[in-house]
Structures are given as structure tokens and as C-alpha cells.
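Below you'll find the structures, each written out as C-alpha cells.
Each of the two complexes below includes chain A, the first together with chain B, the second together with chain C.
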Partner chain A sequence: MALGILSKALKRLLSRQRKDSRALGACPSSPQTLLSRKLRENEAFIRDAFGNSCDLIIREVRFGISPGIAVLVVHIDGMVDTALVSEAIIKPIGVTSELLEPERLSSAQVQDMLKNRLILLSDVKQVSDIADLFHSIAGGKCGIILDGSSVAFVCDVRGFEKRSVEEPMSEVVIRGPREGFSEVLRINTSLLRRRIKDPSFWIEEFTVGRVSRTQVAIAYIKGIANDKVVQEARDRITRIDIDSIQESGQLEEYLEDAPFSPFPTILRTERPDRVTGALFEGRIAILTDGTPFVLIAPVTFLLFLTSPEDYYERFFIASAVRLLRYASFFIALLLPALYVAVTTFHQEMLPTPLVLAIAAQREGVPFPAIFEALLMELSFEILREAAVRLPKIYGPAISIVGVLILGEAAVRAGLVSSAMIIVVALTAIASFVTPIFSLSIAVRLLRFPIILLAGTLGLFGVVFGFSVVAIHLSSLRSFGVPFLEPIAPVVASDLKDTLIRLPWWAMDTRPEFTGKSDLRRQSRGLMPRAPKPQENKISGSPGKRGST
Partner chain B sequence: MRVRRYMSISVLLAIVPVVLSMTGCWSRKEIEDIGFVLSIGVDHAAEEGEIMITVHIAKPFAISTGVAGAVDEKPFWQVSSTGHTVFEAWRNLRQQSPRRPLLHHSRFIVFGEEFARGGIREAIDFFSREGEVRETNTVVVAKGVKASEVVWNEFELERMPAEGALGIMKIAVQELSTAVMVTLNDFLQILEVEGHEAVASRAELVRRPSFEDPRGELKRETISVSGRETGAAAFKGDKLVGWLDKTQTRGLQWVKGKVRGGIIVIEQLETEDKLASIEILRASSAVIPKIVDGRPFVLIKVGALGNLGETQEYFDPMESQEIWISMERRMAEMIKHEIQAALDIAKYEFNSDIFGFGAEIYRKYPKEWMKLKDRWDEEFRKLDVEIEVETSLRRSGLTRRSIQVVRKEED
Partner chain C sequence: MTVLEGGKISGRQFMAVLIVLRIVPVTLVFSLISNINHVQDVWIAVIIGAVITIPFAVLVTKLSLRFPGKTIIEYSQILLGPVVGRLLGLVILWCFLCTSIDITRVLGEGYVIAIMPETPILAFMVMLAFMSSYAARSGLEVTCRLGEDVFYILVFVLLLTYVLPYNAMRFENLRPVLAWGVSNLVPPVISDLGFYSQFLMIGMLVPYLNRPEDATKYAIYAVLIGSGLMALAAVVLVAVFGPTANSWTLPLYSLSRMISLGEFFERIEVAVMAAWTLSTGIKLALFLWAASIAIAQLFNLRAFEHLVYPLGAVIVASGLFFFNSMVDLEDFLAKAGAVSSILVAGVTLTLLYAALGIRTLIRRRKGGSG
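Up next, the complex of A and B:
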């Protein structure tokens, strides 16, 4: 409840500031919106707009027998494949058209000749809007402007340095594809397309960010994804009016259902197989250019605790690992709080030898248990943050100083009990079990208030804190889907893929909430069986075989 | 409207931390500020009409958990305090203990013999009311001495007296069936039941012969006084009336169906004085009360399964089945003998129905019980009890026949 009130207050505060900040971007300092017929004017526009940036290249080619028509080939150095520009644009225009006499042709004929015959590229578009032309050039396309004509051509010759497809850093699996998304949107869509070879896989592209002009794409499978969810995503994306988008995390904050929740209601992943898996469950993916993190929505809480590997590993093992992961979630959230509560309020709950062992370790520790817990949790968070940010070469040094020296010396000096070190270490490791990082940070953050509650109210405080978290979680929705589905509300058919994962041949339907449009996934009765005896063609002793 | 909303939010934000800190961490007690009481003894104090309690409190810092130098110190502390009531004495303990004594982890409630003979009524209420006392505490009576002497009896292999006593008692109950473990809960319940008298565990001091170690290497002081936790203490009402020895205790346990294990030694063959040991595997019992011509009568049916654990003479059951059957018969006789021993002492010496026959009659013949209950002491003494024991030797260990020692030719 307190969370709700808090969030409402913050909402009010923030919404006030959202007065229309003056628009920047679009088309800077250009009075005109359409191209001029005069080539020099257009060139001046471009030079003016790009402010003589050093990577702007304007190449003039002549078309036809001299003097011919001047053609400007404009592109940004480094963003295009220069070999392709010279082979597919400059060479045909300049060399192939040598014998033409363009003066004899009308302007429309020239345009047609250029577009349909000379430019040897698959993606050629005609533009007449000057802003379009500028954005295309800035986006790495090549602009071709003709003298005496008010249209220009934009062709895709993009070729820039990019990271190749590598193994994802943040979601590692033992069994499963090793490919991860990279920073380039087109590569990412191709990774998905390669896994879904069907025209019903649709990708819609948007441009977000007035200045950054970041491409954002919604990908979904038409017919499986809920159209309303797709429409909602479209609406939420087009609503965004900002100068730049750097990363999908930024986008996430604009798209979320619960902006004040510590819990993420949109899942981000680096793994194409996770995305396609989600698409087949009727979810949608939102890809952002410039980041390997793809957003998936709508999602449920339990999805954050699954790994793609669960679906590749044998189902007994996958189910056991899942239970382990759920247990780790609770350990990461509650263990230090439980330790504090039990050792400062409820000593009767521990077996005698254990209580004496803990008491022996706490002997001489100058801090109360709650302070000890907060201190150790905090120092662990500092260590973790340092280990993440530090250059990799310092890694071993940090682990030696932080873990060995600090931990060992703190216990030796009697400042911290070793039981507390064990609790903190176990909690830390448990928090790393969560496959999706954004959930594990949320858990780590919530741990602190729960420790405080445990230290002041004991187990009552822990239960109170946990209830608040549980109530909050059950109030969340992700694009209209209850966040705790299928546990609250209970959806019996979806329990097949929660605490345990049933074998694939038993999971006949898609999740109820997201896959409503096309629920059935596979035909029934796919469980592999031994062939029936009469089907067995091998002649011989039929009597013995019949026993199966 | 908006102002009011901000007001309420800011008030809430201000109240939450204040409330949390104002509780002052209510009932918070750091684990190192607690003295964990492991057993508590109750006696009469030297002062007339006062009660003395003795506790043994664990010293966590003397338990060796990697802390060097702590091993030589005894890991417990025994301390007594007095008061007019148990509660007052318990609270007075805090005058001597810098750490707050806590009863949650107590394992034993020990009464001195003298105190128990005088009746434990005035002490028992505290233990049923106080929230810190667990009902799983074992009720013990110290034979011949004060509870204060038994409370901290030390045992080898366990550093904590209570742990040692618990270990010995558990093993005696499970492997020998010669001791009883009566929890506070059971004890209090039986006190309230008509026609059923209570028993409690019995503890006594054992002086070990002084032992000089020729190697002189043992660092720790050898334990010269230890405890023995076998047998049982029989009550009548709230007063101790006497002691059951090992045999009588197992007799009692046979009737109650609580025999979990043990060895029965019988004569292997009727004629020879060679012996055989039978290990009790399982036992069951049924107490069937009957009213015959207005007179109560109790039939005790005991069944026992045994394993032939040892014979002193060569024997092959495949050759002589009669011997096998006669062994079963002698096993039954031994059990009957043990039950009879318990019955005799309960009927004639204590005149205390520790078997709960009265309660069984009450359960089956409530109307007749109404007539019987006022003179139950007398009726119990005259009660006819028939004992039926059915035994079965099921196994013979790893071998069938015994080891046959071939007689070598003597010169």
C-alpha cells in the first residue's frame, strides 16, 4: 500500500515537469522542405545542414556525353561500403552512360533511367522531401541528387564496422545455440528470421528519437500474437517523443506498465532462441538498434526465472533445476533477513547445537546482528560493483583483496561472525542464479528493507515485508497479462511450465493469456512409444515380442 | 485536494521510520546476550519453605568452534538461586547471570528425590505456564541426591552435560528399553488422568573409580562423577513413591508397548547352562480390561519378534526345530517374568497404577469405573492380571547354524 501511495506521488511530481520541451532535431536550420531543382542550391542545403562535418562526402559525377547532367553522390564516410558505392553507383552513372545524351531526354526519363537501369542496387527509393534525404544520408544511405530535378534517390549501401555475432555475455547456457544478438538491428532481425522461416513472422519498424533516429522494431508472429498487444506496443512506441534512445533499457522505461515497481515487467534478453521461444508463445519482441538487448512483452514473473536451457535439457533435470532456481530466489530475497530475525528474536527456533555454534561465533562481535548483516551486504554490493566496473586485469586482485583479505581478516579480527559471512556469501551466490539480471538487481535491492524489518520486528517483519512484495507482485500487469500468472490467478493449463516443466510432447497449448488467438501448439499424443507388435515387420518369434 | 494528498503522504513517510524505531526493537535479544539453559533442577532450599533451582547454562565461547585456547575450559556453568516459588527463584537467577537465562533450549527438568517425595505440585505449574519452557523437556527425578547435583553430570564423548544425558537416555530407551523418557507434556497429561499414575525418568550419580593414566596424556580432567539414566521413577499423584530397576522398567515398557529394542538372555537348552541372546526386533501390546462378575480383570497381550543374536553352544535350527520353538517359549517366559516384576512392585510396594489399567477400564466401562474409582487403590492391589506373550524368532543373523568348533585330537 505504501508503495502504491509513494508511486502515485512520484507520478504526480514527474508528470508536472513534462511541459513540451522545445523540439530539437527534425530538420535543423532548413527553411525549405522540398528539394530544389537547382543542384547547387541542394548542395548548399546539405553542406549547411551537416555543418561541414568532416565525414560528409559529396562526389559529383557527370551523366552522359559532356557536359551531361551533374549528379551528386552524397554519403557519410564510414557508414557506407565505399567499394559498393563506386561499383554500383558511380561507375554505372559515370562510365556506362557515356554515350547517352541526356539533354535530349526529359527529366522524368533521366530519373527513370537512373533508378531503374543504372543504379545496380536492390534498395533504391525516390524522395523529394529534403528532411527525408538528410535522415537517410545521416543513417548511412547514399543520396543521389540530379541537376534540374526536384527528386533524389536514396539507396542502401550501408556498411559500417560492427561486432560480429558472438556468444551472449549475460545469459550463458551449456546446451543451446551460442549466438547472441549484436548491436545492429538488421543482424538481429536476421537472427530471428533465420529461426522462423514463415511469412507470418512480421517485423514493423519505427524510428524513435528526434535526433538519434534510432530504429526500433516490433517483431511478432501474425496469428499467434494478440493483435491488441501489438497495437498497444505500437501506441506506446509512437507516443515516445525524445531526442535520443541509447539502449533498450531506456525504451523499457517508456513502455512499462508499472514504472514505479522495482520489478521489471518487460524482459530483456540477448538470446535469439529465447526471443523466438517467446514469439511462439504469442509474445512480441521489441528490437532496438544499437543494443544487443531485445525486449519481450508481455511477460510473467516466472519467465524471469527460466532459462532457455530448461527447454533443451531433459525435463526431469530441467524441472529440478527450476525448483533450485526458485529456491535461490527466496534465499536471495530472505536469507539474511531470516538469519537476523532468528538470531535476534527467535533463538528458540534453532536446534540447540546450532544456536550454541552461532552464539560462539557471535562472541565478541561488537555489532548487533542487523548492523552486521547490513554492513556485510553493503560491502558485498560494493565488491560486486567494483568487480563489474573494473578493467578485467584487476579482477584477480579485487577477488584476493575483497574476498580473501577482507573476509578472512574481518572474521579473524572478530568484527564479523563467520556465520554471517556464510549467509552473505550464500545469498550473493543465490542472487546470481536468477537468469535475468534485471530481476536479480530488484531482489538485491529489496533485501535491504526486509533486513531492516527483520531487525526491528523479527519474523513478523520478514513476513510483513514479504507480504508487501507478494501483494505488489500480484498487482502488477505486463501489457495486460497478470504478472504472477499462472499462479495468481491460477491457470491450470499453464502450470505445465512453471514449477516443473513437463516434457515437450505434453505441452500441447500455448500460455492462456498470450497465445489465446491460436492456442493449440501441436497435435495430441506425440509421446514416443515402442512400435506395436503387429506393425513390426521383422519375422521371427512373434510370441516373445508380444509381451510389450 | 492535492495539498491534502501530499500531506497524507508526507505524514506517512514520516511515521513509518519513526514507528519502526520507536518499537526499540521490542523483545529483541542478541544471541550473544543470552544464557542458554540446557537443564533445570528443582529442590527445596536450605531455608525453610523456599525453593532452589539449579541450572546449567552453556558457555558458547568455551565450545571449540575454531577459537583457540577455549578447549580447556568447561563449556558450561552451573548456578543456583532461591525464591519462595519456582518463578521467583528463576527470576532471581538474573542477579547472578550477566546474560539473560533463556529456557527455550532446556532439555531436562530434574526434581530432587526429597523434593519429589514431598510432591511436585507446587513446582509443576510454572513449567506448564511459562512460555519459554518446551513441552518436550524430559522430566527426571534424581535418585538419592538433590537435583542440583545431577543437573550437571558430565559424560564422556559429549561436552555438554545435557547432551550427554540425552544421548545416554535415548540409547537406553531405544536399544535397551530399560529407561523411560517422559516429556513434560505426557507427564502433565497423565497427572490429570484418572486411573493412571505418572512415571518419570530416573537419574543417579555414579562415582567412577579414580583412574590414573599411566601415559599422563589426557589433557582434560577425567570425569570422576557421572550419571546413570536407567530405570524409572514411579509417582502416585504428584508424589514420588519409589524406583523401578532395569527389569521392572522393561516390564512396564512391555505393557505400554514401548519396547523398541533390547537383548533377552535365555538358556539355550533346557538342560545345559549354555546361554543364547535374543535381540528384540519389534514388540506390540494390548491391554484389554474386562469386568467379570462385577470384578475388574485385565488381560495383557504382548507380541514380540526376535532375532537369534548369539548361542553359546552349537545349534542348527534346521536339525532341531524343537529347540527353536523352546527358545521362543523361554523368550516368552522371560518377558512374562519382566512384566510380572513390574506388576508386583507397582501393586504391592507402590500401590500405584503406573500402567494405566484404571484409565483403560474407564475408557471401556465408564459406568463400572464410576463405582470402582473411589476404591481403585484397593482394587488395583487385588487386580487379576493375565499375561499372554506371543513370541516369534524370525531371524538368525547372518548364519543359520552356529560355528562348529571341531575338537582337535588331544594328546
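Up next, the complex of A and C:
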């Protein structure tokens, strides 16, 4: 009910705003939409549009022997590779055209000469629309405008400062590739392309944001990904009408199925191997320029609890680690609540010595267990948030304060029991086990209401809270795929890669819901078998082999 | 005609929710046992119940399969005409609501008796009703998906409870067999059939199956597995508690409290309570869903979702109002409740099949004359 009212109010608010802001981001301050034939007029348009921006560079070159034709080379300093501009544009126009007498040529011939012979770049486009030209220049391309013709050329000479490909910060693996995505879309697509060397790997690009003009790309493998999902992603992206997109998290809120859920229904990752793995399961990736976080959809809940390393380690170990992760998920969500419920309502559940030990510890504690738990959880959250935000130099200081004051001194002062400290610490560590951060935040948030329920209704409260979370999760969908997919609904064939991971040679099929269009991914019977001893000629008798 | 419920469920989910539906009220309150003087023969009563129920379940399923995409509420209006059909629909709806009220109250009583005697029963009932309404509102698909998982959990926990107290079991407690004659079996059979008459729910679920042709098979499986679990419970309870097993209020819960392995693996009554709460939640969700759909179809409403929460509130209030205590409730479940729901199920089935027979006769005659 409340959500409905809230969403209605939000919708009303949004629709009102949309009317006001539609003008922004249209072609800035030019009455005309097409380029003029007069060079000076065009120059004036540009100067007018970009204002006094100090990084705008307009260089005039003459084409042919004097007087020749004036050519304007326009670009933004810092966004282009300046050496490339002078080598591939200015030099050929200025030097090699010395012998030409362009006045004798028609305008079309001049354009052809420039585009097809003189500009030594692979990506040259002809534009006549003024807005196109402006957006290309603003996006780091180089505009070339000729006097006496109403078309301009736009060449890709982009070269700006960027971070190199580094190891991802938030998803670390011991075994596996160390590359992580970077902020530049083109680098990210190349990281993917290098892993899938097949023309069926398609990347579609969109521009989102009227002013920021952020490039957003959908990447998928044609033939494996469900066409309906791809179309759905296209629709959802083109629907977005906003002035700027800064990060994929912002994009995610426009794309997801359940905007009011604490759980993410789109997965974000920094790892290219994770993305390609998902692509081969029939999912699609959404890359956003300006952020190393790539979105993957459709996803299931258990995908958030997997790590790429599961697929590189031996399957026994990988399966055990997965089970450990699931256990940690439940610990992170329920342990403080269970502790509160048991110590407050169900003491008889614990073995007697343990009850006595806890009771002895709690003797001097002035607060009820629920308050104690909330206090400690809250202070831990504060500590964690501080540790993320504070300048790295202060790191040791905060850990001393955290460990000594919040841990040791709080117990000594009798504010909290040491059992509670153990519970909170275990919960905190368990919540770090979740490989995808966006899920672990959701768990952190949900822990508090469940603690409250446990403090008021005991175990029934915990069961209630857990059931509501479970009902909510199973009602979610991610691009049409049930979010709890192999568990609810139970899909037996998909359990092979969720609760445990079977060996690679046993996972013959893609996930049922996403990989339907091409379910089989490998031939049957790939299990390696050692040759029998009598047939084993290689290791059996090397001497004989050598003699024959 | 607008589609009220767009979801589809699989045969396995159908079976799972039917089994949950059968064993939920008795996982703790084993009313079959409390309803008999000589407990040794309860397992025989359960088997007799299954033998009677299988044809009933098959008949309901077959009838539903004759009207693809229609619930029992809809096709009873087709078969019996709008007035009588609606009246019958109202009776079925009343049964759904009664069951919801029973299980809500039973869960509340269970918690108050077993775990938290000082908490008002209203708290448990309200929370349960909220949780189930949330699931019911999310649709049949969500309820049944979770239902399947809950079924696995429930079976696992039940089997643990059956197997682990092996030290305390004395199978000679089961003797003598049938020493008190067949008349001794009548009350537990009636009680068992009372619960099985809830299988009218099949008439609400079959139209939403993704492969309706399997419905009969899964309905039979449901009866077999449900009765199997019940018979096992009867055997284990008598083997452990002896001839006085009928004096326990929550026998299965008490049984789970006895489990102790190596002074470490104990307290699985928590798991029993959790599994019981989850499965009661699923059962209530299913009945709330069915009741809302029934109301929507009886009164030609376009959506059922808005009915779920108010119905939940009504059920909590009635649950408080209708019964005085657990004893009262158990007595009702075993006697008046059981008999009346058997009557409803029997009359419904007879009426519908009679109408179907008459219709086919008329059609054949018309076909013959035309």
C-alpha cells in the first residue's frame, strides 16, 4: 500500500520534471540544423556553441597553393591524440596538397580528395548536421570543415589519459586472469573481444544521456542469447531519457525489474572472465563508458554467490567453497538474530554449560540482548563505512580505535558481552565472503529488521523474517528469468552448477532459462580416461619404441 | 474474460503442495491419534484412508481435466447453472476459509503451547497471515515454487524425526493388531478423510498446470506419499510413546525433543517448528489464493490480488473468535470439521458428476435425434 502511494507520488514528480527539462541537451544555441557553406559562419556557430571553453582548438589550414581553400580543424584539447591530428590531418592537407589548385575542382571533388586520399585515418565520416558535428567534437573526435561546402568530416583521433588495465579491486581471485575492466568502453569491449574471437559476438552501442552522451553497449553472443532478452534490453535502454549517466549503478536503476527490492536483479562485475562466462550461458552484458562495472542480465540469485574462481579450481574444492559461501550468506543474514532469539526466549536450546557461560558474561550488561546486538551491529557498520571512506593514511588509527575501543573496552566496561562481540565479528566476516558487493549490502540492510523480529517474537520472528525474504526473492524476476531459478522453481539440470559445481566435462548444457536457444554446449562423454596399462605404449616401454 | 492468474505450475510442484496440504495440520497435532482409544491401529486407519482417497482424488482431477483452463468454481457454474453452481461455489469457498482459519489457529496454539507461552497468540496469527497473504498476492507461481522447496525441507525434517529416536522405539508397542475390531478405526479414518477432503483444491490447481495430462499421476503420488508419511508417523509415535501416545498434545514435537545424538546433535525441535511454520505458511497462502480466486470468479471480479490481505485479516479474527482452546480446536478438526468437510467434498463431487452425466445423456440424445 505505502509503496504504491510512494511510487505514484514519485511518478507524478518525475513526469512533472520531464516536461521542464526537455530542452536541455538539444543542439545548443544554434538556430540552424545544417552546416552553412560559409566557413566563417560555421566557425561562429562553433564558437557560439562551445562558449569560451579554453580547451577548444580551432586550427585553420590552407588546402592547395595560394590562396587555396581554407579548412578548419576543430577538436578538444586533451581528448584527442595531438600528434595524430598533426600527422594524419594537418600535414597531408597542408603539405601534400601544395601542388593542387583546388579552385579548379568542384566542391564534390574537393570533398572526395580530402576524405579518400588526404586524411590518413581509418574512421572518417561525413556529416552535414550541425548537432552531429558538435556532439562528435565534444566526444573527442576531430572535425574538419571546408570553406564553400556544407559538409564536414569527422575523424576518430581520440586519445585521452586513461587508467591502464589493472587487477580488479572488488573481486579478487587467486587463480584466474588478473585483468579487470577499465573506465574506457573501447578497452572493455576489447577485453571481451579478445576472449571471444568469433563474429557471432555482437556489440550494439547506444548513447544515453542528452548532455553527458554516455556510450552504453549491449554485448551478447548471437545464437546463444535469447533474442527476446536482447530486445528487452534494447527497449529498456532506449526508454531512458535523462541528462546524464555517470555510472552503471545509475543505469541499473533504470533497467532492473524490481525497483523497490533491496536485492539487485542485475549483477555488476569488474571481471571480463566473469562476463564472458555469463555470455556463454546466454546472458547479456551491458557496458557503460566511464566505469569499470559491467552489468550482467538476466541473473539468478545464486549467481551472486559464485566467483569465477569456482570454475578454475578443482571441482571438489570449488563445490566445498560454494557450500561454505552459502553458509556464510545465512550466517551474515541470520546469526545475530538467532543469537538474540536464543538468549532472550529459548535459553533451553543451548547446552547448559554454554547457557551458564553466556549468562555469566551478560550479568553486568545493562541492556537487553536485542539492544546490545543493534548497538554492536550499528557500530560495526559505522566502522566499516569509515574504513572505506577515510584517507588511507588514517587506516591504522581507525583499526586501533575499532579494535581497542569498540571491542576490548566495551566488554571491559560491561556495555556488551564478549559473546556478542564474537557473534558480530563472525557475522561481519561472513558478510565479506559474498563475492558480489551489491548482494552483501542488501544482506547488511536486512539483518537489522530480522534482529528486531527476533527480539520481539523469538525464533518465530526469525522464521517469519526469513520467509518474507524468501517469498520476496521468489517473486522477483530478472529480465523474465525467475530470480531463485534452480531452487524455486526447482530445475534439476541447473543444480549442477549452483549448489555444487560438477566437473566441466559433466556440465553439458547451458542454464535452462537463459541458454534455451542453444542448450548443448559440449559433446557428450568428454570425461578424460587414462589409457589401460597394456595399451599404454608411451609410458609402457619407451626403449622398444625407440628401437623400432 | 480477463485472466485472473497468469501463472503456470509444474506437475512436481502440484504434487508437493498437495502433500504439504495433507500433512501440515498433523505434523505437530496428530489428531488421528488423539481421536482413537487404542492407538496401535492408527497406521491401518491411514492406509484405509488412502485407499478411499485415491479414487476421490482421481475423480476430482478427471473432472477438472474435462474443463481445461477452468477452476472447480467456474465449471460448477457451467454444469449446475449459475444459481446452484454459485451456491456450490460458495460452499467450497466456505471450506477453503474454514481450513485457513483452522491452520492459522493451530499454528498460533502450537507456538503458545510449545515455545512461547507468554506471547499473545494474536502475534503469531497476524504474522503468519501477513506472510501467507504476501505469498498469495504474489501469485500461484510463487507459492508453488516455494511450496516445492518447503516440501523437501518438511520431508527431510520429518524423516529425521522418524529415524533418529530409534533408541526409544519398541515395536512390540504396535501389537496387538486390530484387537479392538474395525469399529475402533472409524474415528481416525473419518479424521483422515476430513483432511483429504481438502483435495478439492485439485479443482483449483489443475487449470494452472503446465502439463495437465500428468495431473492424475501426480495426484495419486500425492496421496501415496502423504499417507505414507502419515502412516510412518503413526508407527513411530506408537513405537516410542506406547499405548498412551494419544495423551500428548503435540506428539511429533515432543518426539523431536527426545532426539539426542552424542550430546551434540539435539534440539531438532527447532527445525521441526521452522519446517512446520514454513509449510503452514505455504498451505495458508494456497488457501488464501484459492479463496480469493474463488471470490473473484463467483462475483466476476477482474482481479483477485486486492482480496488477499482483507481475507487474511478476516481469517485471523475468525481464528481467534471461533475456538476457545487447542482442545476445542482438535475436537472440531476430528469430529464436526472432518464430517462436514467430507460431506461437502462428497456432495460436491456427486452433484457435479450427476450433472455431467445428465448433460452427456441429453447431448447424446440430441445427437441421436439430430
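Things to note:
Methods note: the second predicted complex is superposed on the first by the 509 of 548 C-alpha atoms of A that agree within 3 Å, B and C clash if a C-alpha of one lies under 4 Å from a C-alpha of the other, contacts with A are read in each partner's own complex, and residues count from 1 in each chain.
Throughout what follows, contacts are C-beta pairs under 8 Å (C-beta built on N, C-alpha and C of every residue); 3 or more make two chains touch, one makes a residue touch a chain.
No experiment lies behind these values; they were computed from the predicted model shown.
With both structures placed on the common chain, the touch criterion links A:489 to chain C but leaves chain B unconnected. In the superposition on chain A, A:344 makes contact with chain B only, not with chain C.
By the document's definition of touching, of the two partners only chain B reaches A:363; chain C does not. Taking chain A as the reference, the larger set of touched residues comes from B, when chain B and chain C are compared. When the two complexes are overlaid on their common chain A, residue A:475 makes contact with chain C while staying clear of chain B. Within the superposed three-chain model, A:458 lies in touch with chain B and with chain C [touch as defined at top]. In the superposition on chain A, A:467 contacts chain C only, with no contact to chain B. Contacts of A:355 after superposition on the shared chain: chain B is touched, whereas chain C is not. Across the superposed pair, chain B and chain C both touch chain A at residues 345, 457-458.
Residues 345-346, 349, 351, 457-461, 463-464, 467-468, 470-472, 474-475, 482, 484, 487-490 of chain A are the ones that touch chain C when the two sit in their complex. On the chain C side of its complex with chain A, the touching residues are 10, 12-13, 111, 115-116, 119, 123-124, 127-128, 131, 134-135, 138-139, 141-142, 145-146, 148-149, 263, 267, 270, 273-274, 277-278, 281.
In the complex of the two chains, the chain B residues touching chain A come out as 2, 5-6, 8-9, 12-13, 16, 20-21, 23, 25-32, 34, 36, 38, 58, 60-61, 63, 65-67, 102, 104-105, 107, 132, 134, 160, 163.
The part of chain A that touches chain B in the complex is made up of residues 2, 5-6, 9, 12, 343-345, 347-348, 352-353, 355-365, 368-369, 418, 452-453, 455-458.
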